[in-house]
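First chain A sits with chain B, and in the next complex the same chain sits with chain C.
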Partner chain A sequence: MTSSPSRTTLLREGADGRAVHDVGGMDFGPIDRDEHDLALWEKRTDAMLILLCSKKNVFTIDAMRRVIEDYGQQAYDRTTYYEKWIRAIRNLLVEQEIVSPDEVEKRMAELASVHRANGRRVSAETIDWAKGGAA
Partner chain B sequence: MSVEAVTAQRFRPGQTVHVIERPALGHCRTPWYLRGKTGVVASVQGAYRDPERLAYHKPGLPSQVLYKVRFLQTELWPDYPGPASDHLEADIYEGWLESAS
Partner chain C sequence: MTHDDHDHDHDHDHDHDHHHGGDGHTHPPQRDHDAGPMSAYEVLEETIRSLLIDKGVLSADEIAAQIDLMDSRTPALGAKVVAKAWSDPAFKAKLMADTRGALLDMGIDIGTLAEFRTIENTPDVHNVVVCTLCSCYPKLLLGVPPAWYKSLAYRSRVVVDPRAVLAEFGVAVPEGVEVRVHDSTADLRYLVLPMRPPGTEGWSPDKLASLVTRDAMIGTAIPDPGLRAAAE
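Entry: the complex of A and B
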């Protein structure tokens, strides 16, 4: 069971010049050490990254880190580990011209209608294309 | 088998080095809290394609020498409460280091 992620933005006092992820030594309170099983989509995200980086050479793990680090602070803090990954994978597939944003949106709409037709819950949340946008 | 270009190794184990204090332009593996700090080269980790270039779909050549650098915790954190001999080791690429002597 995946625990509900925390959706808060953390204050970065005295963070002048740091990228959003580069917070070593800053006080963010206690670390949540609760373990949880990975959801199926998280396992698939992991598999996709390995496939795209190591087998297909579509982009490097360094490019993936760069895209995640370029998130705005709010998007960075309010997304979970694999949410950061899947968003970066999507944006890099577009950056490398494997798929277009329109193709992604079209497919997402198709899948949403299939799930709704089968009585499954579909989240209204979307992942913003803009790099600084909130997720 | 091709031999890739590698930058010359400028530092050796035991040498005191200084992490350059400069802002990162884009992807960077040198954490902010180590910039401007002084440490000692613990070992040479090898040479790797430059992640700062790989991150932008460039080949990342010539490869950069990567060092394991040892810092005293008291050098990094002004209020460090532990023993004075406690240290931290971090992998730092050569382009971020300069000789401290």
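Entry: the complex of A and C
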């Protein structure tokens, strides 16, 4: 099993050795009960995950959990739900050598410039892919 | 209509909200949607999708069909199951013993990613569901989870202070009633079977289903015929 991906879970600060996702019993303030509809890109992210896991067997749902649970605290707490998902899908596709990091960066730049050329504003933020990083 | 027909990648800036669905029940989309510039993660989604389509891993039609399936799974489906359980003792017995099989009998396929279990509220026990580690939810029965279900605030607190959280949701659990919090996993999802409200004797399954809200099947609400009467 030498090809097994390594797992080095980063811990949550001040949480007594807990991993970032292990939040049961902690305090994150009041519950915001506002309802939100999903954006189309979020639905597409959801659809791609289900298809990649259950129809195409590209990776398993457990691999998806592993990648999200291995995020650093900053990436985990600052990203929204579907931001975590699309980030994890990218990381797993890279791990499976279906896409390369360069390919992703290049296509992101191309698409952003097409949108800008069409007058759509695109955030200047970049995604920090380093472990523990977050845009 | 395919989903690309209502893509929001318009070629102009705009800051008004679009609502789709025609069910008269829409909510503000989550941030970054139509409101401001495209976020880096939104560009990442488009990037991954276009690369997967280019490489023949997925097709645009498959993605659109999967979104259609997701959109077809709403709490109305779960409500139909609950109403049937309230109306048909044999179905209820099967639902409690073999949720997957009972749902299949109704033509509902919950897929292969996770197992489902039904937990019944009784005069002695009130059940509420969470996923402390992520956001596991019976999506194939109730549709996408509400934002609060996925929030760190709900995930962290409902396991240690469930009565207070339930009170915030308007559910006052009497002192003598035990509260059980069920922590879902990637492999096991829960459906709460609420108690059938008094005063609903002789109601049709459709009328009963109209009482069963999404939150009632998570455990953060109680079906209330009074609310239904008020809405009529």
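The working rule: the second predicted complex is superposed on the first by the 121 of 135 C-alpha atoms of A that agree within 3 Å, B and C clash if a C-alpha of one lies under 4 Å from a C-alpha of the other, contacts with A are read in each partner's own complex, and residues count from 1 in each chain.
FYI, contacts are C-beta pairs under 8 Å (C-beta built on N, C-alpha and C of every residue); 3 or more make two chains touch, one makes a residue touch a chain.
All values reported here derive from a predicted model rather than from experimental measurement.
**Student:** Quick one: is A:Gly17 in contact with chain B, with chain C, with both, or with neither? Answer first, second, both or neither.
**Tutor:** First partner only.
**Student:** So, A:Ile50: does it touch chain B (first), chain C (second), both, or neither?
**Tutor:** second
**Student:** Which partner does A:Arg120 contact after superposing on A: first (chain B), second (chain C), both, neither?
**Tutor:** So A:Arg120 only meets chain C here.
**Student:** Scan A:Arg65 for contacts with chain B and chain C and give back first, second, both or neither.
**Tutor:** both
**Student:** Looking only at contacts as defined up top, I'd like to know whether chain B or chain C touches more of chain A.
**Tutor:** C
**Student:** Should A:Gly25 be classified as contacting the first partner (chain B), the second (chain C), both, or neither?
**Tutor:** Touch status of A:Gly25: both partners.
**Student:** Go through the superposed model and pick first if A:Leu111 touches only chain B, second if only chain C, both, or neither.
**Tutor:** Touch partner of A:Leu111: chain C, not chain B.
**Student:** Of all the chain A residues, which ones make contact with chain B and with chain C?
**Tutor:** In the superposed arrangement, which is not itself an observed complex, chain A uses residues 22, 24-25, 62, 65, 69 for both chain B and chain C.
**Student:** Which residues of chain A touch chain C in their complex?
**Tutor:** Where chain A meets chain C, its residues are 21-48, 50-56, 58, 61-62, 65, 68-69, 77, 79-83, 86-87, 89-90, 93, 98-99, 103-104, 107-108, 111-112, 115, 118-123, 125-127, 135.
**Student:** Given the complex with chain B, which residues does chain A contribute to the contact?
**Tutor:** Touching chain B: residues 17-19, 22, 24-25, 59-60, 62-63, 65-66, 69, 96 of chain A.
**Student:** For chain B, which residues count as touching chain A in their complex?
**Tutor:** 23-24, 26-28, 31-33, 51-52, 54-57, 60, 76-77
**Student:** Can you list the residues on chain C that touch chain A in the complex?
**Tutor:** Touching chain A: residues 3, 6-13, 19, 21, 26-34, 36-52, 55, 57-58, 62-63, 66-67, 70-71, 111-113, 132-135, 144, 146-148, 150-157, 159-160, 165, 168-169, 183, 186 of chain C.
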